[in-house]
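Here it is, the structure, as structure tokens.
By written order: A, B, C and D. Residues from 1 in each chain.
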């Protein structure tokens, strides 16, 4: 499916989606956290989109906001889209997990949790993956400070 | 019968595997691939482009080609290179010119990525082909690349 | 040239000259035991060296070549190093069993050496149930492995010990049955007599087809008995680290290591004696010089040892359930069939007598 | 269960084993927490981070040229392809068109890297199932490739040969000859590999039907590379998102539908043949030209997000750059193939024996620095 067709189809599901095509080779969709899980399961199950391959989950610290970027590909139609969710809540950022839709999200979401402190509702095993359980702070956030080990150029 | 057929096939594959190792065994004099390392120091030759450590070649008048432009220092990802420089009066032209005091190279931090040598506009630093860089004390891994009393080669400008 | 090879008799006669009979026979036994101990600990070390060299040649390497000429003293140096090393252990290990285990293993393998006829006369202990004795003694070693794995308070060691128990109990059967097949021809369990029978042709020739099958089964089961690859489930370094001897160090580890190699020698020596005529030369070419029998015996043994090394450095390891499948589904039924076949051949007099 | 209720006073506990972080079969510092029942595996829980070096964080302070050399240290067995991934992302973002010569050389070296990685994997695979000799045979052939690299790039493992805009320097004059020698040599060695290991009855029994991964699960777990192709999921990035000179060559994607360890093994053997054929198609026609095009000394990417996939020896490596227009990336994420492939280990190992776990883990071909980044 072309990006235009995808855009048309998806806006028929949910009118609150934001589509961005600037500055990226893929179709970017910004979705509200509340509608996020429903959109994702629709993208997987709908036969026209059938995004069954979640290949990249990126946590990102945008300064004020924390976000997660999901790269999806369909193994049947071979089209790619990018889904983004954001939240203002830096203290307790929470999104729904998609590990029930794509099993790979289990590990990827743990990685995001580990480095950004973003929590995922209903995740089966949300705990630190790389760092030790006692680790304080979330290293990939922009405001993380470690005066001993970090060398700032 | 597949029971005995399986046994026969199984033994056949085992024997063909043994023939591979057997051939190597019989030919053992010629095909050792390991190196007798400390013994072959004399004959062990590294390739021309081998990245052993960064050196600064000097000519017979104790002159090097480093202008102190610090491009290598900026290019280095790890802070391996530090340049201590000064502005001194060039005796030939009488103008003040940037000159290096010490070109410090921390071999212990170097990842041999080669970005400094790519960045150098005057080819002042090069790769050496030595491969024995282990020392007992890591302070000796900090090296000053320009020799004491060395000067910049005349005519080298950045 | 006459060399006094009948060591038991020679030493006893020597001692009888100046002491009473009872003391002399006890002292003779002690002396012979010490001689054997000395010979075979050195021989075991040499076998380790041979293994390392052979492995190197299979693997495109050179092998040990630093200590002594062509690295001949390498394993001696290793042994010295191991003697001087600290003996480490685990907390809460069952110290008594933990310390006992290596001796179980090494003693049982040294005991088996006593009965081998190196030549017609060079034999420490010629009992009339030689083969039975060998089979019985070789099963003691597994107790040491089980104890070592169990007592060292290490989970990997325990798994290794359990595997070893399973493996040795199964493969004991095949070793015993394949030797039994050959005993049908010889009609005797005494090793010297088994060799004597082979003056009419080695047993592998006399027994032809069933003997070859028995030999193959024996080699497979024998390799499994010694816990060597492809049956090294007990150690399985990619699965269990070092298996049952994970927690052993220094000389205690060396005992396990040495025992493995002496066991390998024993398995090969039994095969050489039972299938390939022991110290007999092919076609009797050196019958006039009896002491050359030692060379024939060792030559045959080392050829078989080499075969076991070849197996080890070529084949991947079996999984533990496949190990049992191989024994119970393939080797054991074949073995039983083979015994019937051999019995028929012996009964009908179809053996080949040269 | 019934026996438990009958003897309710008997307490039964799970038997835990720590496999790693220092274990011969984990190929690095990976710790697996195994729950076992006798020999049977009930659960595998990977514990990561023993060599995490926060490369992603370091990238946020480095310039784009400097990032490249960090990627050598991720999946060190396909370091060239990792370099290429970053360079391609930067070049695409800058809309730079690199010379044909660069593309061809990158592809050849990439395929050589793939063969070298598979050689090492083959040797280690043999070692994991107990055939120790394979390790040296694999290394014999890998050394030849390493020599080619050393002569051209100056290093054997962490080459850092790619730079944004091309290659650091031109190939060595001996490169073509050495590569051809290697191709001729290696063609005689793969059949030997088959004789020694692939056809061996013990090996076949160890691998067949072990660690089965269905196609649906492979996709859902985000598997890529030979792991996914062993399950019949056609996912070769070189086919679907072709890069460098891969659109100029013809090759087949190695596919097997069984999904067991043997299928993953055979896919890799097949890939070595395919890589040889790609090299053969390109090695004689390396176009003349520049080995790089000039870029600014300080590369600034335009504002936006850039994503590039490449096929490393282990699978799909993705580089995601979020740029705010400065000389450093604002956020750089590596989607490493090993990370996703590791996540399915629990799925394929449960129910098998300890030996099966080792065998199927070897066919996943994990490189721990790639997972830990």
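Note that a contact is a pair of C-beta atoms (placed from the backbone, for glycine too) under 8 Å apart; a residue touches a chain by one contact, two chains touch by 3 or more.
Please read all numbers here as calculations on a predicted model, not as lab measurements.
Peer 1: Pick the pair with more C-beta contacts: A-D or B-C?
Peer 2: Ranking A-D and B-C by C-beta contacts puts A-D first.
Peer 1: Looking at CA centres, what chain is most distant from chain D?
Peer 2: C
Peer 1: Of all the chains shown, whose C-alpha centre falls nearest the centre of every protein C-alpha atom combined?
Peer 2: Going by the distance between chain centres and the overall C-alpha centre, it is D.
Peer 1: Using Cα averages as centroids, what's the distance between chain A and chain C in whole Å?
Peer 2: Chain A and chain C have C-alpha centres separated by 63 Å.
Peer 1: As a quick test, compute the distance in whole Å between the mean CA positions of chain A and chain D.
Peer 2: 25
Peer 1: Could you state the distance in Å from the CA-based centre of chain A to that of chain B?
Peer 2: It comes to 42 Å between the two C-alpha centres.
Peer 1: Using the average of all C-alpha atoms in each chain as its centre, how far is it in Å between chain B and chain C?
Peer 2: Using C-alpha averages as centres, the distance is 52 Å.
Peer 1: Find every residue in chain C that makes contact with two or more other chains and list them.
Peer 2: Residue numbers touching two or more other chains: 58-61, 313-315.
Peer 1: Would you give the residues of chain B that are in contact with at least 2 other chains, written as numbers and ranges?
Peer 2: In chain B, the residues touching two or more other chains are 14, 17, 20-21, 33.
Peer 1: Mind pulling the residue numbers of chain A that touch at least two other chains?
Peer 2: If we look for residues of chain A contacting two or more partner chains, we find 153.
Peer 1: Can you identify all of the chain pairs that touch?
Peer 2: Every pair of chains meeting the touch criterion: A-D, B-C, B-D, C-D.
Peer 1: Which part of chain D faces chain C closely enough to touch in the complex?
Peer 2: Spelled out, the residues of chain D in touch with chain C are 15-17, 23-25, 39, 126-133, 135-137, 140, 196-197, 200, 202-203, 205-206, 353-356, 358.
Peer 1: Provide the residue numbers of chain D that touch chain B in the complex, in ascending order.
Peer 2: It comes out as residues 62, 65-66, 68-70, 72, 133, 136, 139-140, 143, 150-155, 158, 160, 163, 168-169, 172, 192, 195-197, 199-202, 204, 297.
Peer 1: What does chain A use to touch chain D in their complex?
Peer 2: 22-26, 28, 52-56, 58, 60-61, 69, 71, 75, 78, 82, 102-104, 106-108, 111, 115, 129-132, 139-140, 152-153
Peer 1: Please give the residue numbers of chain C that touch chain D in the complex, ascending.
Peer 2: 55, 58-61, 155-156, 159, 229-230, 232, 236-241, 313-322
Peer 1: Hey, which residues of chain B end up touching chain D in the complex?
Peer 2: Interface residues on the chain B side: 9-10, 13-14, 16-17, 19-21, 33, 46-51, 71, 75, 77, 111-115, 118-119, 127.
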